[in-house]
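Going in written order, the chains are labelled A, B and C, and every chain counts its residues from 1.
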Amino acid sequence: MRQARKTDPFFVVAWVVLVLFSVWTVFPFFWGIVTSFKSPGEQYTTAFLPFAQFRPSTYAWQVVLGQAEGERTRQGLRNSVLISSLSSLLVLFLGSFAGYALTRFRFHGWKNKDIASWILSNRMFPPIAVAIPFFLVMRTLKLLDTLPAIVMAHTVYNLPLATWLMMDFFRELPEEVEEAALIDGCSPFQAFFRVAFPLSLPGIVAVYILCFIFSWNEFLFVVTLSYRKTMTMPVIIAGTLTVRGLDFWKVSALSLLAIAPPVVLAALTSRFLIRGLTLGAIKE
Amino acid sequence: MQRIAWLWFGTLVFLLGFSLTCAAAGTWESQPGEFKGQTITVLITDPHSAVVESWKPEWEALTGAKVEMVVVPYASLYDKMMTDFITGTGAYDLICWPSTWAGDVMGGEWVLPLDALMQEYGYPDWDDVVPAIKLIVSWGGKVYAFPYDGDCHMLYYRKDALENPEYRAKFKEKYGYEYNIPPKSWEEILHIAEFFTGWDWDNDGETEYGIAFIAQRKTQAMWSYLDIAMQYAAQPGVAPFFDPDTMEPQVNNPGWVEAMDVIQKLTKFAPPGLLSYGYSELRQAFVSGNSAIALDWGDIGILEQSPEKYGSKVKGLLGYGPLPGAMKTYDFKAKQWIEGYNQVNFLNFGGWVFSISKFSKNPVPAYKFATYFTSPERSLLDVCGVHGYTGANPWRFSHFKNVDKWVEGGWSKESVTKYLETIQTILSDPKAITDLRIPGAAEYYDYLDLYLAEVLSGTKAPKDACDAIYNEWVKITEAHGKEKQRALYRESLGLPAE
Amino acid sequence: MRKDAVKFGFLSPGLLYLMAMAVFPLVWSLTLSFYRWKAATAAPRTFVGFGNFLSIFFRDPRFWNSLRFTVLYVAIVVSIELSLGLLLAYILSERIRFRNFFRVLFLLPMAAPPIAVAFMWRMLLNPDAGIVVKILNALGFNMVRWLTDARFAPFVLMAVDIWEWTPFMFLGLLAAMQSLPVALYDAAQVDGASRGQAFWFITFPLLLPIMVTLILLRAIDAFKLFELVFGITGGGPGTSTESLSYYIYTVGFQYFDLGYACALSWVFLLIVLIMANFLLQRLRRGI
């Protein structure tokens, strides 16, 4: 019915906003793609129409994926995928448990609110201050330059956010369903796994994706805790800023490689993100 | 009888073999299979990694050792290295670092003195190393690093601009004198830069400017300033940073303030984007032809040579010269200006070097690998462009003699002769001034950089900025301990400890 | 009794993990904050009591400068991102053509690594070769001035932040709008409320609590601003874009003045805690 009102000024304004914002959003990506297909000699020109204005070259991609640095790039991508998916999984597991505990049970001494605030405060400390002590811990555990070290660090980094978001999902979930399950003879853990967890699945998927993205993008912990075997994409990108300067073509190609996986993931799962992240704002 | 002869023969063979083995152990040249199964780890940044990358396969095949590279971004090299040191982790055997950190790295004794190893295994032609570079790798009379790169700022100018007779005539008409080529003093540069600003002197349809230098915050813009400050505040062989007797910072004396004033004026004759020029932006802008004069290390020269890779539009158009001097200089001891021409060579940044970590478990393979690729013939390939852009600039006398290899690396004979001559003059000057080489150098320089940035952007007057730097330097000196700093400063200048 | 076992069974894995990983770093840095330790030169550490904290508050203009910049930055970017996010979420919760396409499109920037974003924008904004600079120059804006003038450079950095993080606000608000009860709107329409009235009197109040949460989460992260400064401006021109996080990084990882860096970190934590507390207590109660 609303669609019928084609002349509604709201839609005119809306379209203007949408078009402007699309240009704003897409332009950097677009320019990155164009630049990554230019030869180094043309990297600073304003040409943007392939074939018409410049001859597309795969030089950048050959450097980044080919013999020279291909090994490093592929390893970086592999590490990024492994670290992000594993740490997000761990976060999900620990976070949903903690979030469930804080919404379904009442704690004394330290009240629920205090515990929740303390958990969140772990995200407030500047990572720089934690980097060296983390390095010491990992060295003692003989975990430097291993995946577990970075997975552990990223779990600390993401757990507070995940716990908070989870609390909101479980708060929204009517308690009666689980109570019914308990009466049917389920243990509390069974009730959690069979009832609460599946019911809040869209939210849980959303949290997983968010944590994945945050972990994928994290830079300082990786730079401190890894040497060679566990470099992730952001660190490899940072390495392109050398004393020779910023090679536009190389940065573009590497950045696109680093941007693509989380962006594609976000695009594919945007439905879950939008439906899942209601953040428990509106009740009833 | 025969048996005795055989015995003698056997002994002889054994002795011969033994002495040969001993001789082999005592040479810096790597022996086939000598480090089988051992691994050394190298901490390095791009583009220097290109050097290790090129020699690694050869050396691995020869010695049976394995070379692992940890390539980190330049911006996190210092913290990677220091974190390893202060926690005593020892993850790296060989570290490639810029000698401007000498005060911390050598002064903190985080790296191995090489004298004992050099005694035992020898070093590939130590006398071939340019004196200034020998100075840079030493601390308190001991050698702590392998020379690898000869760094000094030089002056680049566009021959098609400065040498154009028509422009020279116009310049003379306007300012009443003829400038030198290459320009000799900052007073001259101020005029030349002004003259070449704001018009299209190379007829490419774009407006050009007078001078370009590194000016962005945190990209070590202070080197550009120090190039000028040296001329107004130092004399050859007399470092101007502190009074070595009292450890009083000199940074707000009239010489330094004058230099601050000059650099502030120069910003008016620079491309509009000057304040966001880091190394990359400067080099790219200058080789794409937007200004008449630039200050840089040897790097612009290398980038100039390859239009296809670095977008150079100035191949063959660049002239090279030493740093310009000044028409007066301030003597901080006598507290007065000395009139007359003064030119000081300054070894800023000091060049990259390799060191063996104190915590290394494999110092001998590390030593032999480093000597392997820094030996005269091999290092030549790294500096002359045959191995592409490695970030290393010439540092051995033999590098300057072998012009043919440079031509192979893409240079024209005429350009490279001039280029090498310029660098060699600076590096072999016995009175060239070295970088500030005391603990906390990074901190002193960062405050210099900070207030310099405010002068460049015009938010602070030169004198105020110098006073602000002075206050910070006093604070830093006190935090490190004034007496200790004074002793180390004197040591770094080669002055007696009293 | 059993119930206790259950509830701690749920809570303890996460809580213990956090404590185990966080306690050592916190104790380490708190201890060090009472020492002077210039670690780079192998100097011994000396106990200085509250000396570091006194220096921070009374003798460190750089701290105050970076704090001022950071607070201003957080206030501006968070409010702009919130308003833009709200606008877009509102438009895209209406029935509009290609709705799903735009919804996906507008999410993308937040998925890109900040360091990559920083370098991409550094390219776009390069004073000589940057395409954005060239376009704006052609349109008659003196863009170079914006990048190199200490008064304007912070706004350039903010623009990049807004590019990257508006999607976060958009996502949160859109998700919330999806779950608004439709019945209320039907009732409003029956009563003859205009679109604007419906928004101001129904949607906005319902969204307020979630906005507080979003602001809180975004503000905490914005306060830790590091990668964009590291990748684009290096804190310059002058110290005009030096964030508190970047200042701590400089002191800790460039000067290796670890005692002072730890003290700064604790001051940082306290400031964020106060800010978070203010948001949680005051704003939530006010609603």
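The rule we apply is simple: a residue touches a chain if its C-beta (ideal position, glycine included) is under 8 Å from a C-beta of that chain, and two chains touch if they have at least 3 such contacts.
Because the structure is a prediction, the values reported are computed rather than measured.
Trainee: Looking only at which chains touch which, which shape fits best: line, ring, star, complete or other?
Mentor: Chain contacts: complete, every pair touches.
Trainee: Top contact pair of chains, counted by C-beta pairs?
Mentor: A-C
Trainee: Nearest whole angstrom, what separates the Cα centre of subunit A from the Cα centre of subunit B?
Mentor: 41
Trainee: Determine the centre-to-centre distance between subunit A and subunit C, using the mean Cα coordinates as centres, and give it in whole Å.
Mentor: Whole-Å distance between the two chain centres: 15.
Trainee: For subunit A, jot down the residues that touch at least 2 other chains.
Mentor: 43-44, 132, 136, 238, 240-241, 246
Trainee: Give me the residue numbers in subunit C that touch at least two other chains, ranges are fine.
Mentor: 126, 128-129, 253
Trainee: Enumerate the residues of subunit B that touch no fewer than two other chains.
Mentor: Where subunit B meets two or more other chains at a single residue, that happens at 75-76, 79, 278, 281, 284, 288.
Trainee: Which of the residues in subunit A end up touching subunit C in this complex?
Mentor: Its residues touching subunit C are 2-3, 10-11, 14-15, 17-18, 21-22, 24-26, 28-29, 31-32, 35, 43-44, 46, 48, 93-95, 97-98, 100-102, 104-105, 107, 115, 117, 119-130, 132-134, 136-137, 152-153, 155-156, 159-161, 163-164, 168, 188-189, 192, 206, 213, 216-217, 219-220, 233-234, 237-238, 240-241, 246, 248, 251-252, 254-255, 258-259, 262-263, 265-267, 270, 273-282, 284.
Trainee: If we count contacts the way the header does, which residues on subunit C are in touch with subunit B in the complex?
Mentor: 36, 38-43, 126-129, 133, 144-145, 147-150, 230, 233-239, 250, 253-257
Trainee: Can you check the complex and tell me which residues of subunit B touch subunit A?
Mentor: 41, 45-47, 68-76, 79-80, 83, 87, 89, 91, 278-281, 283-284, 288, 299, 303, 307-311, 389, 391
Trainee: Given the complex with subunit A, which residues does subunit C contribute to the contact?
Mentor: The contact residues of subunit C facing subunit A are 3, 6-11, 13-15, 17-18, 21-22, 24-26, 28-29, 84, 87-88, 91, 94-96, 102-117, 119-124, 126, 128-129, 131, 134, 163, 171-172, 174-176, 178-181, 195, 206-207, 209-210, 213-214, 217, 220, 223-224, 226-227, 231, 244-245, 248-249, 252-253, 258, 261-262, 265, 268-269, 272-273, 276, 280.
Trainee: With touch defined as at the start, can you tell me which subunit A residues reach subunit B in the complex?
Mentor: 39-44, 72, 132, 135-136, 139, 144-145, 223-224, 227-228, 235, 238-246
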